[in-house]
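See the structures that follow.
Across the two complexes that follow, chain A remains constant while its partner is chain B and subsequently chain C.
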Partner chain A sequence: MLPMDKYIAKLSGLILLLLASPLTYGQNLITRDEDWTAINIAVTDELIIPSYQNLESRSLELISATENFCSDLSALNLDSLKNSYQQSMLAWQAIQHIQFGPITYFNWNYRMHYWPDERGASGRQLDALIASQDESVLTSNAFPRQSVGVQGLPSLEKLLYDANALSDFRDNAYLCSLTTSISRNINEISFGVTQRWMDEYRALILDPVAGGFYENAEDLSIDFLKALQESIAKIRDLKLAPAIGESFVTTRTRSAESWRSESSLTNIKNNLNSAELLFTAYSSAFYEEDITAIVNVFSDLAVTLAALPDSMVTALTNEMQYAQLQTLHAEVEALHEALETALKNTDLYLGFNSLDGD
Partner chain B sequence: MFKQICTLACILSIVGCSTGRQNSTSHAAIIENYISIAQASYEDSLISARVLEDTIDAFLEEPNLTTLSYARNAWLAARVPYQQTEAFRFGNPVVDEWEGRVNSWPLDEGLIDYTAAFYGEESDNNYFYTANIIANELLDIGGISVDAAQITPQLLAETLHQIDGVESNVATGYHAIEFLLWGQDLNGTNPGAGDRPATDYSLSECSNRNCDRRRDYLKAVTSLLVSDLDEMVYNWQPGGAAYVDLMQKGPEGGLATILTGMGSLAYGELAGERIRLGLLLNDPEEEHDCFSDNTHNSHYYDALGIQNVYMGSYERINGEVVRGASLASLMAQEAPHLAAQMLARIESTELAMEVLLSEAARGNTFDVLIASNNLDGEEVVSRVVDALMEETRTIEDIIRELNLQNVSISGSDSLGGL
Partner chain C sequence: MSSKIIQNLPRRSLLSLAVMLSLSPCLALSNDKAAPIFLSAATDSDDKHWLKAFTIENNQLTELYSHQLRARAHAATLSSKVDLFVAVARRPGRFMVLGDTLSGNILQEIEAPEGRHFYGHGVFSSDDEFFYTTESAYDDLQGDSGRIGVWRVNKSSTTVALERVNEFPSYGVGPHELLLMPDQETLVVANGGIRTHPESVREKLNIDSMQPSLVYINRSTGENLEQRSLPAEYHQASIRHLDINPQGQLAMSMQFEGEPFLRVPLLATHQRGEAIRPMLAPEQVQSQLSQYVGSIRYDESGRFLVASCPRANVLTFWDAGSGEFLNQVRARDACGVCAYKDGFLYSAGTGQLRYYDLPQQAIMNMTISEDFTTGLFWDNHLAAG
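Up next, the complex of A and B:
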């Protein structure tokens, strides 16, 4: 794995190589399949696979921390388990934007992280599961077949960050069985996705037509660009807007992602960092003015985020920080618009995506 | 329930007839016929809602199992034309902004009336989750006070519906009425629908308390549905808001609107929010008509609505047929391969939907099919999702073929991109 600065330098070299004589808007700047493939494989080897490997490592630690806590239900071990959960969540947030390929197999994406849960299905189903005390649904065969609402990181957060978590775990042995099943499930998904990227999907990246699903390498690049564009829309529409509300008096803290562990803004920082790396990788597909506009918005976002705490709950209850959250939302919107403009100026057609419309 | 979706042979005959009569299908003629179908569909929805209102009046006059079953049957019949109008929702802002008043879903029914223990006591996103308007004349929740002493259409529409900015606070529309007629489905993912007793509306043998207020609620919410549908019928007449808005878009903008409506309903709304999400969560609360277990029919008639606007043909509830220039005819002229592909996609969706109907007839309603260990059910439901996704991909191809601009298809977080 390349260190990130070397990775960026390598990509920059590739970008310079691909920047040909100025073209008029409406044309693709990358026209050769092998050039698309060069970027796709660099992204796969330097961004995607290492990120999934990191998630897999963190989830192994999560299993250990769960075992430690369940063998000794102490406050110290609970804190350690919470920390392990946080590390797994951060690792997931760094690769959450990739919503195609192996992560979509077997509903792995939803099983890892079902959110937002607008109707509270996850809480309702967790309560029902705990009340049932049914150990048979927690086996490695049965658990993946349960509702996605109880299987992944948000469920773990609910269990660990409940105000009475420690006493609840001490009073109810089923909670440890359930937590163990969730931790193992997260690890199994991480392992499965990583392996599939390293084996079959990397091969597909190198020869997209052979798989029969893509017509050419550009098609495959479009999946990455769609992931980039959609991740920004999700930050704007799902992670920020519902919590910020219309004004300081109509905020809704529980609509924020990871509000229980107070890491909503840390998640967004990780999301934007991954988005910037992905954009950098594909910037040779865009016109220079558009690249400048996008880079500038990323810089603005970094400044705004640096001034905010990790916890959106904290920021939402402070009028000055609330104003900064509104700025953050406006800048994410500006980033989305800049990306949209950049894409429109090329001949790349992204098609419909999962968040268009309402 | 009569069968309305054409077979492929029937579809081909309609396209063949259209192309045979005219050499060129103009965009303007397609839009004109689309408006005619919208007018007829909303008129039928209004007629059916008025019948529903009459049966509910009769039920409240004499609440018993028989009058309740008449009211329930009228509700089921009212869904037939209404679901077919859903293809007009997306792309027409006048309809989309109004739609929340009549078909908002999913709803946190604890806002309206009593609920069972499985429903729970609180929700992260909704302070009014168990507000129970019927039981409480005064609400004071999360800093919001509501005087609900008199339950009127105005109170429901202007104060309670989507109170606190929460979409699942649904106080009006078909599903609020459905909840009041059936009550919660207590069977989980086992067969069986809601079974609210008729005595919930009896003044002499009142069950579950507050029958007078429950009667007021049912009366008010039904009256509101009728007036809302009346408004939409007017909106589609010449000079009405939806009519004017569509005409101002011009011929290409009009076609883009038609395809936006088809694609958004098929993809984000139907395949995503209403079907796949239920499968992911194995949650009977996630089925569209969750109190009555009529979800299979609602999905079926949604698919039929998409077919109606593409084929330019609609069979009214009195059997009359509205038919005219269509996108199907246009595509047969402009891109026969794509036209054939779209017809095949429509047929595939129809077949998948028919399996949903036949499963429901055997007692395997949608909530049974999405149970966590029902592998056969999962396959049946997944085929519907797959068929709708394929249909949308072809709609996307048609948009590209016609070079239409500014088409934005509504998606769903429960689906990947196309």
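Up next, the complex of A and C:
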């Protein structure tokens, strides 16, 4: 992936090229298909594909770390495996916001990261699988057909971050077989998504109409913008609000994402970083005042996040940091509103019926 | 309620229309010489809610009239003689409006009875003497709270008004769309199974225990004539929308409230006396539909079905006889669908109104004034007569 400054420099040329003279609100600032396509390709080549490639690389390291740990069940190797898990999770968090295209094939998105699991089904299924000691379901053919809840990153976190993980792994050889299957599964999904983006979806992006799926390049751009807006809503509604609760005395630590590995806020930092990069890429679609408003909220968020620890569990138990979490939630809400306003001021519509429930 | 009647349009006399005793609430017959009239609810970018009427002649789409509503409506229904329309509030709304299709005038604004809310759908009897609505007796938090409201259409030489005269159970929870069967005496009702309460706005209160069903009810006596459910494993597939073809086959569409990754049918057909026949698309198509179908309609022949999937931004096409998936076409945020000519007219939350030609398998644009659709989000359903 390009470093942030080089990426921004590359995009800024494109943005300057596309910035139109002031128009009245309600007009689309990008009117030519080729201009949308230029941004779509830049996003695909500089953000999407490199992020999936990074996930694939991290998941290969995860397989190696799993093999090392399982060949020598030491505390040191467990720490190394946990670190490798963290790297894979961070790589996933950087591309989690893309919920269209290949990641939705074959339930790959849910198999990679089924969360939130409000009914705790994954934990029960994982326990049942361990109790079964059934090696036949762990083969590369059979494992992808098991419940999605046992296949991905949350199951790995549950296995590795249990307080008794080391002794459990030493007492139960099945845990190593299972961990190996999960690591390989994560790698296979990463590989599959990466290949599909490079081999198939990129061709759609180059020529959406000839690809036969999208109506035009703007239609495809709206998928990216929708991914951006929905990822902000997800941070607000799923990653922050349930854990923060109504007050300091009603917090719910276990509602936070990745609470076991205490990396909930690191996840959010990565999500927002990806959201900012995506917004920057499409900023020429928005009016200058709206861009300023959004950039300002991203700056506020960076300041707030810098003052918080990686662990939401820690932040939720400290009254001062709890107040900062509330600020964070309010700023994410402000970001969502600013994006909504910016979209409303153009004639780009993310959805009406698609957000309905009747 | 403000009203905007557009004058001086090349309007055909609606009253001269032959009585179109179509079973489908959305069948713009191609053999009718008069241009069809279409109705849909819509919301604009200022968050104002509307009921809009338009017609299509020579591929030119023209607005007929537009009424601002106090809140979102869900579906409009035309009477058999096409002289009246009713637009019903979206769940859990409590209003509906009765209007004159020819003039566009609103004749009456009706409130749901105390303790009832609407589900956005209604249907006229074939003689236009009665109108039926799906409702919830929402204070019943345990039992089958679904109700069918019975309204008499009172006509005098100067006024037309709906009068509440009766209600009977829908034999389930959360009744949604209802239609009149070809015998003109039987109502068929989609009990979605989801319990809601106005105080909880649109929160779904019973997802774990929901039991949707399809019910055939005698419209005079309220008797439950036949009730069908999907297999138990699909109990979270909420049956919402219906259509009937000229051969009397019923098609239904569902939205699945269970896990997003499960492979479950979102469409099915039914013939009286038989089990419900679920329909599944190939895995890669089915998994893209986000467990949600918006509207379902037969084409004019009754051989083909269109199911709009706005969360997937596609329209899907099916063989009604075999139940086979045929094709899909990209249509961002499309939801309202309606049989028209050799295919379907569809409306979208993007403001688009377009025609899909089945034989050519192609989307066709129509001539539309930009003022009519810019900044407008078409709501779930299209009605036509």
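By definition in this document, the second predicted complex is superposed on the first by the 348 of 358 C-alpha atoms of A that agree within 3 Å, B and C clash if a C-alpha of one lies under 4 Å from a C-alpha of the other, contacts with A are read in each partner's own complex, and residues count from 1 in each chain.
We adopt the following convention: a contact is a pair of C-beta atoms (placed from the backbone, for glycine too) under 8 Å apart; a residue touches a chain by one contact, two chains touch by 3 or more.
Computed from a predicted structure; not experimentally measured.
Asker: Is A:E230 in contact with chain B, with chain C, with both, or with neither (first, second, both, neither)?
Answerer: Once the two structures are laid over each other on A, A:E230 reaches chain B alone.
Asker: Per the overlay, which chain contacts more chain A residues, chain B or chain C?
Answerer: B
Asker: Where does A:T180 make contact in the superposed view: on chain B (first), on chain C (second), on both, or on neither?
Answerer: It touches nothing on chain B or chain C.
Asker: Contacts for A:Q326 in the overlay, against chain B (first) and chain C (second): which applies, first, second, both or neither?
Answerer: neither
Asker: Classify the contacts of A:K344 with the two partner chains as first (chain B alone), second (chain C alone), both, or neither.
Answerer: Only chain C; A:K344 stays clear of chain B.
Asker: Classify the contacts of A:V148 with the two partner chains as first (chain B alone), second (chain C alone), both, or neither.
Answerer: A:V148: touches chain B and chain C.
Asker: So in the superposed three-chain picture, is A:S57 touching just chain B, just chain C, both, or none of them (first/second/both/neither)?
Answerer: neither
Asker: Should A:R252 be classified as contacting the first partner (chain B), the second (chain C), both, or neither?
Answerer: First partner only.
Asker: Taking the superposition as given, does A:T104 touch the first partner, chain B, the second, chain C, both, or neither?
Answerer: Once the two structures are laid over each other on A, A:T104 reaches both partners.
Asker: Would you tell me the residues on chain A in contact with chain B in one complex that are also in contact with chain C in the other?
Answerer: Residues 104, 107, 110, 114, 148, 349, 351-354, 356-358 of chain A touch both chain B and chain C.
Asker: Of all residues in chain B, which touch chain A in the complex?
Answerer: 90, 96, 106, 108, 118-120, 123-126, 129, 165, 167-168, 260, 263-264, 267-268, 272, 280-283, 285-286, 372-373, 392, 396, 400, 408-418
Asker: Note which residues of chain A are touching chain C in the complex, please.
Answerer: For this pair, the touching residues of chain A are 26, 104-107, 110-111, 114, 148, 213-215, 219, 222, 344, 347, 349, 351-354, 356-358.
Asker: Can you list the residues on chain A that touch chain B in the complex?
Answerer: 99-100, 104, 107, 109-110, 114, 116-121, 123-125, 127-128, 145-149, 223, 226, 230, 238, 245-246, 250, 252, 254-255, 349, 351-358
Asker: Inside the complex, what are the residues of chain C that reach chain A?
Answerer: It comes out as residues 43, 45, 74, 90-91, 120, 176, 202, 240, 255, 259-261, 283-284, 287-288, 294, 308, 310-311, 313, 330-335, 348-351, 374-375, 377-380.
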